[in-house]
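The following pair of complexes shares a single chain, chain A, combined with chain B in the former and chain C in the latter.
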Partner chain A sequence: MRILIVEDEVFIALDLEMQLMDMGYEVVGIAGTKVTAIEMACAYVPDLALVDLHLAGPSSGAEAAAFMRAELGVPSIIVSGSLHELTEADIAATAPVALLGKPFSPVKLHAVIRDVDAARDR
Partner chain B sequence: MKHLESLFDRALDAVVGMDEAGLVVAWNGAAEEMFGWPRADAMGSSMGDLIVPPQHREGHARGLEHYNRTGEGPVLEQRVRITALHRDGAEFPIELSIFPMPGGGGERIFYAFIRSMAAEEAARRAQDLRAREGEALLAVAQKLLEDVSLDEFTQFCLDSVCAVSGMEAGHFHVVRGRGPHARLHPTGIWHLADPRFQPVVEATRVVRFGLGEGLPGRAWQSGQLQALFDLPASCQFVRRSAFEEVGLTRAVALPVRQGGEIHGVLEFFGTLHARLDEEVLRMLQTVGSQIGVALHRKEHAEHRETLRREMSHRVGNSLSVLASIYRSCSREARTKDELDEAFLGRLVAVGQANRMAVEDASESVALPALIKEAISILPERDRISIEAPDMAVDRDSVMPLALVLNELATNALKHGSSCEDSRLAVRARFDGSHENLVLEWREHRAVPLAAPPPTPERVGFGTKLMQHMVEGRLGGIFERCLDEAGFRVMLMLPRERLEAQTELAPATIQSGAAGS
Partner chain C sequence: MLDAPILSGRAILHAIPVPAIIMSTDLLIIDVNAPFEEAVARRRATLLDRPLFDEFPPRPDTPNLEATIRASVARAVDTRQTDALEPGRHDIVMPDGGFETRYWRLSHSPVTENGEVTCILQLVEDVTAEVTQQLLLEARERTAAEGASLSFWDLNLVTGKLIRSAGVDSMHGFAPDEAGDEIEPFFERVHPEDRERVRMELFSAAERGPGPTILEHRLLLPDGSVRWISARGEILLGPVNGEPHLVGMVVDITEFRQNEEQLKAALANQKMLLDEVNHRVKNSLQMVASLLSLESGRASPETREKLLSASTRVNAIATIHASLYQDGDVTSVAVDQQLRDLCDHVAASSGCDVRGISIDLDVTPIRLCPNKAISLSIIVNELITNALKHAFHGREEGRVRVRLARDAKAGELVLTVIDDGTGSSEAVEGQASRGSGLGQRLIQMSARQIGGRIEQPCSSEGWCTILRFPVSV
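This part shows the complex of A and B:
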């Protein structure tokens, strides 16, 4: 499975990349803004995107996820330190395959990604 | 006739008489007072011209003509409610009854007993205004309890005040900035009774009022309600042409205060028909000040909520960052000591960068100071040559840039290349186009190696971290090169993103497009 990481916190992004690689997945890229996320998604068309809700500046992770789902059919796992801020409209537009509240343990990430991967094969 | 006249003069109502030609033949003392015309002036004048308002004059003349011709008068000897004209031009409500009587020479005289209803009307109106004022305040108080945004709430308040006062447009300005830089900024939230008023929104959008400038600025300075009854004639009202064009010619500005401080100004506009008498102004003052308090509260609550969310987000995020840093370091470390050093070193670096970005400077940090602080872990700092333009670094770029420099410094320390046999130079300058800052980090060996060092098999975490910080967070290019002569890193950073934008002086009303 090929995964795109959308996360503006570099430490977290690199750690996620390592964790996903250790799990045997390919990370197609790390995007820190909505614009880069969309560019990378168009270029690589990943199987899954791991999207942080809060991005630097005026960028919105939810918008990036909504675009990827609508235009490219790329499903997202939404990650956020403040999941309560996720509105119903966001959920409808992004239709996340899973939600992950920050901070989350590697075990939790493992479980969520494996579930998504398993559901994909079905 | 004499005894009649003396009888009329004792009457409490105004008594006036008119002949078949419509000329005044009787005018008592009460009539003098009610209409402002002395008997001497009134006698012989046309009754219609004297006390009948222009819109009723034709009816008055037709009625008289009809009676003279047919002897029929449907309004005679009945209680009639109508308006009359005072000598000063003011129209006021009256109640009258007219009865014809034979005069001395066989012709008819029409007498009228007239009672002014102005006092009753004023009382009724005052009562009505008070009731509406109460309703508006109640509605605002209820709205305050509802879970609506500040913008929605402001809109509701503007709508309510306009509905109650009969004003056609309303807007809210807020005070932004401090001290001499404080200005009134339009919020863009308007009540408009008619879409044709839209141009005034545009005219207001571009103006910023200083203390004492324009109508809102004067309300702000004085802390009192300010009213303008004739905008087109007021040279202090810079937006007058736009307002005049759509027929809004009256204005009221009301300061919004809380705890002695003024936070904004409510502005209301009306057409020529807007009544801006004492009663309406008093009501605007009451409703406006209550709304001011409510608006301020709502603003406060919203601000607190934003802060709370921001805090909870930050705390969650920084714990995640810590966990990530730990995992990254533990993946690379071969011994516990190495892990301690790497983890604690990065922890300190993040803390330091965070402090620079958030605490030390509310807006920006000077580049040379940032470089010095970020590499402060290096010993013998006086041997390091630092050269950088005195540029203010944008808040969002402080953290990534400081972390990159700290990572480089940690690296230099670890590999000992900053020590005796090599020299470190950090040089930042603008490129030819002046659009990029080129930052060069050079660790130069005094004695070059005999052969180029081996290329590392894999890219280390530190290098990856720097690469992502530079490319992802700063939008720049990261290049590194390790050879016989030493170690060199070149960062090419777009100035647009890196440099703090000095806040542009707000467009004052002099430069505003609405000025005429």
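This part shows the complex of A and C:
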């Protein structure tokens, strides 16, 4: 499975990359803004995107996820420290395959990714 | 001065039952009677042969008084007739030096002898009580009239005729006589967004029949300003055909509303700030966890284990933070749920399912303040981690039980962490206590912080640790 990471915190992004690679997945890139995320998604068309809801500056992770789903058919896992802020409209637009609340443990991450991967194969 | 007619005049003075003075035409006090002494709180002896206005100086704010009295006396002398004055205010100096408010009705009567006016009889009537009573009544009438003019109205719900006081018109931005005698022009001034609601509420009030009703809505005035008004009234059945009337008062509540809006805005702002801080903290905790995880990816197995234990310690604190905001109560932590999260995490990160180890929780539902909850979380984390690390070497399966119960009699909470693995009876490598030095110190210090004490009773099977700590500090 090929995965795009959309996360503006460097440490978190690097850790996600390492863990995903340890799990045997390919990480196609790390994007820190909405614009980069869309560029990378268009260039590589990943199987899954891990998208942080809050990105630096005015960019919105939700918008990036909505674009990837609508234009490229790329599903997203939404990651956030404040999942309760996710509006009905956000959920409708992004249709996330899973939600991951921060702080999350490696165990939790593995479980969520494996579930998504398993569902994909079916 | 002491000839017979004046003597008899003095005798009469002392027989008069109301306050009275005899004075010369140039207002020198000749004599006063006992009721006068009492009325002005002065002794007769201190007043004799004294100029009237030396003893009873007018207040600086009533400068006309002296002139009024002198004029009255002059008229009495001229006309040889009694001259009576309207009640007037003449405050008197009290023994303590202050003035006391008094109203008096004075009359001056000339005393004549051989056709000449020899002296003046002044009758003094204290009318303070009557005058103040009258002033009070007038003030009451004035305020009552103002109150009524502010807000009174009476709407006939059948004919739409509106009888109201002038205040209602000015409140709606109408000049007097501009609005006519029907309700419709007033509806036009109701804010467009509220108009339908106001009509509906009036309609349903009329349907309901007699009883109280309250209506709060906005007005949009011709100058573009918006006001909030509150109309309170009740439905009464009127004299004509039992037509219902809505009768009541209306008050401008714009200022109250504005204050309310400001408070709401401040509260929303506060909540946004809290959410932001909360988000930051969670993100930062994630960064710490990611850092540890990143480092362990490149570390030797020994270092990796140390980093992992640091990571679970960070998590023990992170779960507190997560649960703080989960249920909207930021002052206490639902410990039962939080310990469940903690144990799930520890179990998952040490591969309990693969190793056939279960962690059983039996925690009484209780909320603790965040500081206590953090100490408890650290202790539970260390105890379980130790058990998972040391208790089940070479075993196919195992069980760790975590129990938190109240000891109501002692006013304490009792935490018990017990496993069925390698116990103290078969102490590994002769250790007096299990776990790393740091872990033991963390347990001891955290226990002390919440006023608790640790017991490690000998157990026939496995290892047992008991923590007792007071429910309230």
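As a working rule, the second predicted complex is superposed on the first by the 122 of 122 C-alpha atoms of A that agree within 3 Å, B and C clash if a C-alpha of one lies under 4 Å from a C-alpha of the other, contacts with A are read in each partner's own complex, and residues count from 1 in each chain.
Methods note: contacts are C-beta pairs under 8 Å (C-beta built on N, C-alpha and C of every residue); 3 or more make two chains touch, one makes a residue touch a chain.
All values reported here derive from a predicted model rather than from experimental measurement.
Legend: residue contacts after superposition of the two complexes on their common chain; A:D90 is shown touching neither chain B nor chain C.
When both complexes are overlaid on chain A, the residue A:K108 reaches chain C alone and has no touch with chain B. Looking at the shared chain after the overlay, A:H54 reaches both chain B and chain C. By the touch criterion defined above, A:M18 lies against chain B and chain C together after alignment on the C-alpha atoms of chain A.
Contacts of A:E9 after superposition: both chain B and chain C are touched. Of the two partner chains, chain B and chain C are each touched by A:G81.
Applying the stated contact rule after C-alpha superposition, one finds that A:A31 touches chain B and leaves chain C untouched. Counting contacts by the rule stated earlier, residues 9, 11-12, 14-16, 18-19, 54, 81-82, 85, 101-104, 106 of chain A appear in both its interface with chain B and its interface with chain C. Taken together, the chain C residues at the contact with chain A in this complex read 275, 278-283, 285-287, 289-291, 293-294, 297, 311, 315, 318, 322, 345, 348-349. Taken in their complex, chain A has these residues touching chain C: 9, 11-12, 14-16, 18-19, 22, 54, 80-82, 85, 101-108, 111.
Within the complex, the chain A residues that touch chain B are 8-16, 18-19, 30-33, 36, 54, 56-57, 81-82, 85, 101-104, 106. Taken in their complex, chain B has these residues touching chain A: 309, 312-317, 319-321, 323-325, 327-328, 331, 350, 396, 400, 403, 461, 464-465, 468-469, 472-473.
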